[in-house]
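Each of the next two complexes has subunit A plus one other chain: subunit B in the first, subunit C in the second.
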Partner chain A sequence: MSGEVIRRARGAVAALVLVGLVVAPWVVDDYTTALLARTLALALVGVSVALLTGVAGMPTLGQTAPYAAGAYACAVVGSRVSDVGVVQLVVAAGAGALLAALIVPLVVHARGVIVLMITLAIGELVVVVLGRWRSVTGGTDGLAGVPAVRPFWGLPALASDQGRYLYALVVVATLVGAVLVLLRTRAGLVLRAGRDDETRLRASGHRVAVHLSGAHIAAGAIAGAAGSVLVVAQQYISPADFGFDTSALLLLGVVIGGTASVGGALVGAALVIAVRDWLFGVLPGHAPLVLGALFVATVYLLPTGVNRARSRLSEAAAPQPDPPAAQERATVGEVGR
Partner chain B sequence: MTAVAVGTNRIDPYLIPALDGVAYGLLVFVAASGLVLCFGVANILNLAHGLLYAIGGYTAAALLDGGWASLALALAVGVLAAAAAGVLLAGLLTPVATGSHLSQALLTFGVALAGGSLLVAGFGPDDPQVQVPATLEGSVMVAGHRYAAYRLVFIVVAAVLAAALYLVVRRTRAGMLVRAAVDDPEMVACLGVSPARIRAGVLAAAGALAGAAGVLGAPIIGPGTDTADTVLLLSLVVVVLGGLGSMAGTLLAALAIGEIQTLGVALLPAAAPFLLFAAMAAVLAARARGLAVRWRTA
Partner chain C sequence: MTGLLDAQEVSVRYGSLAALDGVDLCVHDGQRHALIGPNGAGKSTLLDVLGGSTRPQRGTVRFAGRDIGRLGPAGRARRGINRIHQRPAVFATLTAAENVVVAALPRVIPRRRWWPAGRRRAAQQLAGPLLEQMGLTAVAAVPAGHLAHGQRRQLEIAMALAGRPRLLLLDEPAAGLSAVEVGRLVELLQALPRAVAVLLVEHRLDLVYALSDTVTVLRDGRTLAAGTPDEIRTSPLVRQAYADGVA
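What follows is the complex of A and B.
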């Protein structure tokens, strides 16, 4: 009974938020509209982080890597090949998925905090590559002057901030809808099962490594598509868009949102990014100090957001070859081994 | 005779980058060994590790004035300050449940962000100059090449530091406790050693190592706004490559990274941006299973 009420309330809130987002560009000024479009792109990356961290149980600090791959692929295609949005989206998602597929062998056997470390190193290395590979990425100056996107063949190019924002909103809403549908299928069920009890899933004949690889590539494709949205929103990208602080902010947003919830990830990531943008506006120079203090305060205030991931982490840290021991350790909640 | 001459000529241009690579690698080793301690013993992914190095670097820039006394003072102050920062970090981490890695990583990231901002506020946004002792300012001849004297001395000092670290971890009671805490933290707790104290001690030691690296390495990786990020990245790659298994693995990984960053860039300038990436991918892909097993037991 109360579950039904909550579900309805949640649906109503989601519908209200969506309506608010659609009318937003006519209420706020152009600058805020552009900021909102960029926040949408980052929120979509947040969804891919939640997919890996909360649903598949692979905490990640490196989703900026496929995000950057998608963004740069989109910017290069946009300035040299085609200004059609659908083409750019597909190319960007493909680039993100390709990079994610290349990373799979590095992370698929690791669990827990090791994944966090490897993905962080990969994300940072990608930023280093972006800064040095001048012929393609423009180095630390980035790529500017990407032509305005045309959503589909035959449609006019999006010249206004409102148009670009609505394009970003449509893309993000479609992809988030697809993720939600996907999570309701068997694939989503198997992923969650792997997070909750990998040993049992393995014992019942599932190939956990294959599921995790699939989830990683799918999350990479989503992050790549988000990169394309970023290019449309900003018409300019530089390695600074994909730094380590972006990964950490997104992870914080996802943790605030409850780690495994797609809607929570959207709200959490948008909230964290909005706070950052606001802080850098009102406190130039001291924003990182306040932001750092907010990180610490949030971690103290929000122990519940981490619970779901914690059970997975403690389980994953236990050795796999002997299931009884793993079970026992998981229940004790011991992580050291 | 001529063949030998051709041989030396071919090696010759790469001697200096190779030597630089050793200095760079040893520096990265001293910095990364602190992160290995944090990760292996306390099981904390310390994203503020680069900040601890930066504290040492800024201390060196502020105190060094070209004399030996100032070097000793900078080393003492830098090591103490970074160790104190490590203890502070351990204190901040105490209320966060052990085991929630996400919270710990996010908390240390917040500390890194705030601390970096404080350093910039205190020392200014420009990268400060570092003055090495006057005696070491010149260059010496190495196999017919001029080479910065400071780097040569640094190689010796860092090698001594690495050996001392090895002896401490292998031979002293504190080192045994540290290794025991990696193997079986519950048993160590049963022996009457408080895990909280071990964590504080490990973070202090990690801070001291990073601080020492920061002071001594300031002329090589100087203090600046992106120092913390650079050092954290290099240390992470070392930890990933070294596999947390042994000091020897960490040392090998650090030297390999040093050579990649110097000799590799001299040999293959076109591929320079991808070399670190390729090295990590190659090692991880080749040893993924073995490393994963080791990580799980680590």
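What follows is the complex of A and C.
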């Protein structure tokens, strides 16, 4: 019963947050609206980091690589080929997935800190390439003046910050929903099992490397799509958007939110961006200090993240079941949760 | 005569130490075959070789007539060889029922059932009876990491059976179990369908004699004797081996 109440409460909170996000552009100023749109893009990359780190058990510092690939692919297509959002989104996701697929042989057999080091190196290499491939990327100056996107053929271009924000919100909400559905399929179940005990999964006959490759490519596609959202939101990109500080910030957000939780990744990413960008105005020059303190406090007080801590609180608040009651509830049908 | 599993001249060396030295082993369909011997005899190494986690320097391993020497643990599991480890290995954050479903996916649940509803139906059809058989229905929705040691052992057997194995490799399944849990384990193993052959490594000879119809004795990486439990029980060679270095 209490589990059902908690599920409903979580659904209600999620719905309220969504409503709040929809009405936000009419409540806050244009600067904050643009900032929210960029935060949505980073939150979506955070979801891809959570998918790899928390669900598949591959901690990564390199999701800025497919994020950048998607963003630049979107910017180039948007400037030279098509201003249709769907086209840009598909191209960006494809570019992110392609880059992730190229990286797969380097990371799929590595584990733990080794993956972190490899992905960090790849992320830095991509930033260097972006800075030097001037004919396509504009070098360190980046690509400016990307035309306003029109979401679909026949629709008007989104000229206002509100319009671009709502476009970003629809894209991010749709993709997050898709990830949540994916995690409820057999693919999600197998990924979680592999995170728990890879050797056991292999002994059950599963091709672990194939599952991890699939997860890596899917996460790359999500990060690539997030790159497209970033381009739409700020109509300008440069290598500075994809540096190590962005990678670290994303991992920090996911750790704060709880690595195994999509909702936690969204909350964590929003939190670190808020601290970085809003506190920048309130406490000039001290935002990194606050971020560092936030990270230390989170790791010390909530080692499993905000989301898991909330779950633990829920468990603690719920009455402990007596054995017969537990027996009644423990039906096999609950396996599909 | 060839059996379901046929290992011939298997040798494994770790530096100058010969863990296995030209061992032959044959397990037939439905057979209950036990592997015993003093500590260091090579029992677990042979199980590693048969399960695919160790590759022998010499020798062949055939299963159902096909050479499986190049297959790893996953490939062998897909062909019907499932292993139960000395320490129960389960997916800690998944429920007991989900553990069974994951174990069943490669060989049993059709690929088209990837959608949640389809998976739930398949899970109900598959996990329910297996968990009931193992006495785990009450904890089907409990994360496996919260189960007691004995329950994890039972869950691991359910997971192994979920993959519809033709051969079960059991590595000291009674390790760490209480007397009551051992009794329950013996009942479960005796109730296994005859379509499933069993290769059991166990130190407790009372369990070996209760569960097996054929026993192979290893010593210092070589086959010392093979026969029925009665023949092994009365063999002077085996008695001598155990007197020299029994666990």
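Going forward, the second predicted complex is superposed on the first by the 287 of 337 C-alpha atoms of A that agree within 3 Å, B and C clash if a C-alpha of one lies under 4 Å from a C-alpha of the other, contacts with A are read in each partner's own complex, and residues count from 1 in each chain.
Please note the rule applied: a contact is a pair of C-beta atoms (placed from the backbone, for glycine too) under 8 Å apart; a residue touches a chain by one contact, two chains touch by 3 or more.
All of these numbers come straight from a predicted model, not from anything done at the bench.
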A:Leu40 contacts which: subunit B (first), subunit C (second), both, neither? neither
Residue contacts on subunit A - larger count, subunit B or subunit C: B
Once the shared chain is lined up, is A:Ala56 touching subunit B (first), subunit C (second), both, or neither of them? neither
Can A:Arg184 be said to touch subunit B (first), subunit C (second), both, or neither? second
Now for A:Asp197: first (subunit B), second (subunit C), both, or neither, which partner does it touch? second
Tell me the contact category for A:His206 with respect to subunit B and subunit C: first, second, both or neither. second
State whether A:Phe295 touches subunit B only (first), subunit C only (second), both chains, or neither. first
Quick one: classify A:Ala248 as touching subunit B (first), subunit C (second), both or neither. first
Hey, what residues of subunit A end up touching subunit B and subunit C alike? 333-336
For a test of understanding, state which residues of subunit B touch subunit A in their complex under the given definition. 39, 43, 45, 47, 92, 95-103, 105-107, 109-118, 121, 184-186, 229, 232-233, 236-237, 239-240, 272-274, 276-277, 280-281, 284-285, 288-289, 291-292, 295-297
Residues of subunit A defined as touching subunit C within the complex: 181, 184-187, 189-190, 192-193, 195-197, 199-208, 323, 326-327, 329-336
Subunit A partner, complex, touching residues on subunit C are 51, 72-75, 77-78, 82-83, 85, 89-95, 97-99, 101-103, 105-107, 109, 113-117, 119-120, 123-124, 127-128, 131, 137-142, 159, 163
Under the stated contact criterion, what part of subunit A meets subunit B in this complex? 53, 59, 61, 102, 105-106, 108-114, 116-118, 120-122, 124-126, 128-129, 131-133, 243-245, 248, 251-252, 255, 259, 285-289, 291-296, 298-300, 303, 306, 309-310, 313-314, 317-320, 333-337
